[in-house]
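These are the structures in question, set out in turn.
Here come two complexes built around chain A, the first alongside chain B, the second alongside chain C.
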Partner chain A sequence: MELFAQQILNGLVTGSVYSLVALGLTLIYGTMNVPNFAHGQLFMFGAYLSYALVMRAGVHYWIAMAIAVVTLAIAGAVLERSVFRPLRHAPPLNSMIAALGVMLLLEAVAQNIWGPEFRHTDTPYGGIVSLFGLPVAAHRLILLGAAAASMMALLVFLTRTTAGAAIRATAQNPEAALLVGIDTGRVAMATFAISAALAAVAGALIAPISLVYPAMGTVVTLKAFVIVVLGGMGSVTGALIGGYLLALAESLGGTYVSATYQDLIAFVVLALVFTFRPAGLFKAAV
Partner chain B sequence: MHLLPWAALLAAVIVPLLLPNEYYLQILTQGYVFAISACGLNVILGLAGQLSLAHSGFFGIGAYALALLATKAGISFWIGLPAGVALCAVSGYAIGSICLRSKGHYFAIFTMAVGIIIHLVIQKWESLTRGHIGVIGIPGPGPIGPISFDSTLARSYLALFFLVITVLAISRLVRSPVGRTLMAVRESEPLAAAVGVDVMAAKRLAFTISASLAGLAGGLFAGFIGFLGPESANVEMTFNTLLYVMVGGIGSLAGPVAGTFIVYGLSQVLAVLQHYQMIIFGLALVLLILFMPAGLAGAARSLMRQRVSEVKPS
Partner chain C sequence: MLKVSALTVSYGSFQAVREVSFEVRPGELVVLLGANGAGKTTIFRAVSGLTPADRGSRIEWAGQELSSLSPRAIVDSGLSHCPEGRKLFPELSVGTNLRLGAYRCHDKAEIQRRLARVLELFPPLSGRMNDPAGALSGGQQQMVSVGRALMAEPKILLLDEPSVSLAPKVVAQVLEAVAAINRTGTMVLLSEQNAYAALEIAHRGYVLEGGRLVLHGPAAELMQHDEVRRAYMGA
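On to the complex of A and B.
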């Protein structure tokens, strides 16, 4: 029973990260129709920035996270302006290849700056607390809370503010949004900034728990794609719930089915979904 | 203009004799092998317009088929190579039938998942593939009659032979009705379907050819190097191949070959490039797609067109 509870908790922790990353991916896909293969690398940079600030510059954990978030948001906006906006009217193939290029570039840059080693980050919440008799690392609870708070903030922003409404309108119909006076260029830039910021939050939260290394983004991108496909490309609630579901399936499957093939679970699920629903779960098959 | 292919072939025959040492000869041979793989990616990406990210998976299948048949069953290179290609053709046909029902972005994401599944299965199925340790002692090509393939020089000509066959076959394909059908599909699937093209069959054929060529390259790779690890099927290999195709010119005949030689050759020869290789690769991919989406072949074409229009203004 304790093993089961531990695995559920592990699933929720990983799920928080998956959901935060998948939310950014789905926002970009929804508003700009770009599958951003480089999204996991933004997450990886978020983790590295908080590692570098905490471990090498001695900055406080939360301040480090804030700096990482702001930096990544700016980087996201720059990326949109310099790479994806010029390709808006090019064939879809071009923006996909550009995203792959950005992905290779960011990973290589991280490797050149910080090296291929696995890096550990300290947290001010290093202790163990007891949760209903279950020993839990305090940082995991902080992660769960902070991730949930970020997601709530995003949902409130999207549903209760004018800027959020502009993003949702653009996602539903870019031409109509343009017609009613929404600056879709600014929306695209803001969306990129927000999703990069969410990825940075996820990276900074997970850094003290799992190790930070250059390739950590690739797997997460792929998992996020699986989630977004399952939840519906562009769907916010789908990404949110899908992230937790996939992580729980992985941690329980890894414990009770096969640890060797744990990483395969997500991709097999994706292949199965596409086999029977070639356009994803929540869109009519073409 | 028609002299160019012959000049290239002549150069390809002479250059190996002039290379100063084995190391360069080995790079050249690898270059031929990767060029075959790039030509394969170009069939599905350049001709049919589908971004398949499962390409290195098929490279891995072809390589492991030859390696395991040789080391576990004692089957020779000359049987293992076509067997690997056949396996890739069959699995390419089957996987293509499923993946190609998804379109555009979905196809890219689906094939990426397939590529990762193939890589993970190769890596984790230790009883068959020996996992991370890899397969060692893969025999190279045995002699055919009086011709022995033990020297690096002979192997480089063998790889060249397969590359020339590949390029000739693709050039025949491009000029055939099937090739035109593929290009119609690339330009607009609904339009192609409206004039009676069986879009699915066309794309599936391109995918099968592409997978088979990846398998051929994989088999040659395994036989020439003599050992094989799961990283040969890594998705990163697909990205490298994608860069070769993009640099040379997507959809053009000679582009992928030229692109492979420029990118792979430079990355092996220049030590500076080795350190910053992936930074340059990634940046090159982004800059190419932004400013030169048709690659070197496209740039050459538009340069030629400019000159023609300078001579006789229309």
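On to the complex of A and C.
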């Protein structure tokens, strides 16, 4: 029973990261039809920035996260403006290749700055707490809460504000959005910024309980793509729920089926979804 | 006044609209008639900035040359385009669709006032404000589309085939609403295949064939015109 509870908790922790990353990916796909292969690298940069600020500059953990989030948001906006905007009217393949280029570039930059070693970030919540008798690293609970709060904030923004409605409108009908006077270029930039910020939150949250290294984004990107396909391309609810579901399947499958093949579970799930529900579990709706 | 002169629009090397000139004067409701593929939608898209016009085309409105403006600046100039095929935001509520029509207005009380006016024009929408727009019937979706364009409180409204694929009774309702909008002083440019019904509410009309204007005149005259009767009214 304790093992089971432990695995559920692991699943929720990993799921928080998956969902945060997948949400950004699905938002960008939904509004711009760009599969941003470099999304996991934004997550990786979020983790590294948090690491560098906390471990090398001595900044407080939360302030470091805030700086990482703002920096990545700006980087996301710049990325949209400089790389993807000029390709808006080009064939989709061009954007995909550009995204792959950015992915390789970001990884090389991280390797150059921080080296290939595994890094680790300290957290102010280093203790162990007891959750219904289960010993749990305090930071994991902080991660669960902070991730949930960020996703809540995103949902409220998307569904309760005019700016959020403009993003959803642009995703659902870009021409109609232009006709009501929405600046869809600005929407694209804002969407990239928000998505990168979410990735940074995920990176900064995971840095103290996982290893930080240049390739850490690649696996996460793959998983996030599985989730976005699983949840329905462009669907926010799908990405949110899909992230937790996949992580739970992985942690339970890894414990009770086979630990060796844990990372394969995502792709088995993907194959099943492709076979039985090609449009995803949730209808696309930003 | 909206004054379009020598408007030419090309898709690649194909000229979909050639040297078209027309105008909509203050207070007028003008109808653009034409069969499938005549170029009506292309003209509307060029006027509202969605499709670039060829060099030499002039689109004058409210003292501005529109062909160099962005769609957003064109909305700000008081021109609102209700596009062909409704183009709603299907997953957003009817209320949000309508409010987004007033996206460029930041005065909450003013938006509320416009909303009340649209609901007065289209009473069936009142009970559907929280439903996703995509869940409505065709006629009600058309009302949302026209209502959304009206939320910008335009001085001129462009309506691209608002009655297409609606039941005859609903067509009459929609066109009656269009006439009512025009009576409040809003200029209207309407495209229709439903020539008779459109000419009944219009002041003047233009007939488009293969991207060129072939005929224009007061609505009453066009209604009697042999060619119009033959081509559009099955007479």
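The criterion applied here is as follows: the second predicted complex is superposed on the first by the 274 of 286 C-alpha atoms of A that agree within 3 Å, B and C clash if a C-alpha of one lies under 4 Å from a C-alpha of the other, contacts with A are read in each partner's own complex, and residues count from 1 in each chain.
Throughout what follows, a contact is a pair of C-beta atoms (placed from the backbone, for glycine too) under 8 Å apart; a residue touches a chain by one contact, two chains touch by 3 or more.
Here the structure is a predicted model, which means the values were calculated and not measured.
By the touch criterion defined above, A:Val268 lies against chain B but remains apart from chain C after alignment on the C-alpha atoms of chain A. Judged by the touch definition given at the top, the superposed model places A:Asn173 against chain C, while chain B stays out of reach.
Of the two partner chains placed by superposition, only chain C is touched by A:Thr162; chain B is not. Once the two complexes are laid over each other on the shared chain, residue contacts for A:Gly101 go to chain B alone; chain C is not touched. When both complexes are overlaid on chain A, the residue A:Gly181 reaches chain C alone and has no touch with chain B.
In the superposed pair of complexes, A:Ala90 makes contact with chain B only, with no contact to chain C.
Touch criterion not met for A:Met1: it reaches neither chain B nor chain C.
Put chain B and chain C next to each other and count what each touches on chain A; the higher total goes to B. Of the two partner chains, neither chain B nor chain C is touched by A:Ala57. Touch criterion met: A:Pro278 reaches chain B, while chain C stays clear of it. When both complexes are aligned on chain A by C-alpha atoms, chain A residues 286 touch chain B in the first and chain C in the second.
Within the complex formed with chain A, the residues of chain B that make contact are 45, 49, 51, 98-99, 101-106, 108-110, 112-114, 116-117, 120-121, 124, 239, 242, 246, 275-279, 281-286, 288-290, 293.
If you check the complex, the residues on chain C that touch chain A are 48-50, 71-72, 75-76, 80-81, 83, 87-92, 96, 99-101, 103-104, 148-149, 151-152. Listing the residues of chain A that touch chain B in their complex gives 29, 33, 35, 83, 86-87, 90, 92-94, 96-98, 100-109, 111-112, 222, 225-226, 229, 233, 260-261, 263-264, 267-268, 270-271, 274-275, 278-280, 286. Taken together, the chain A residues at the contact with chain C in this complex read 162, 165-166, 168-169, 172-173, 175-183, 285-286.
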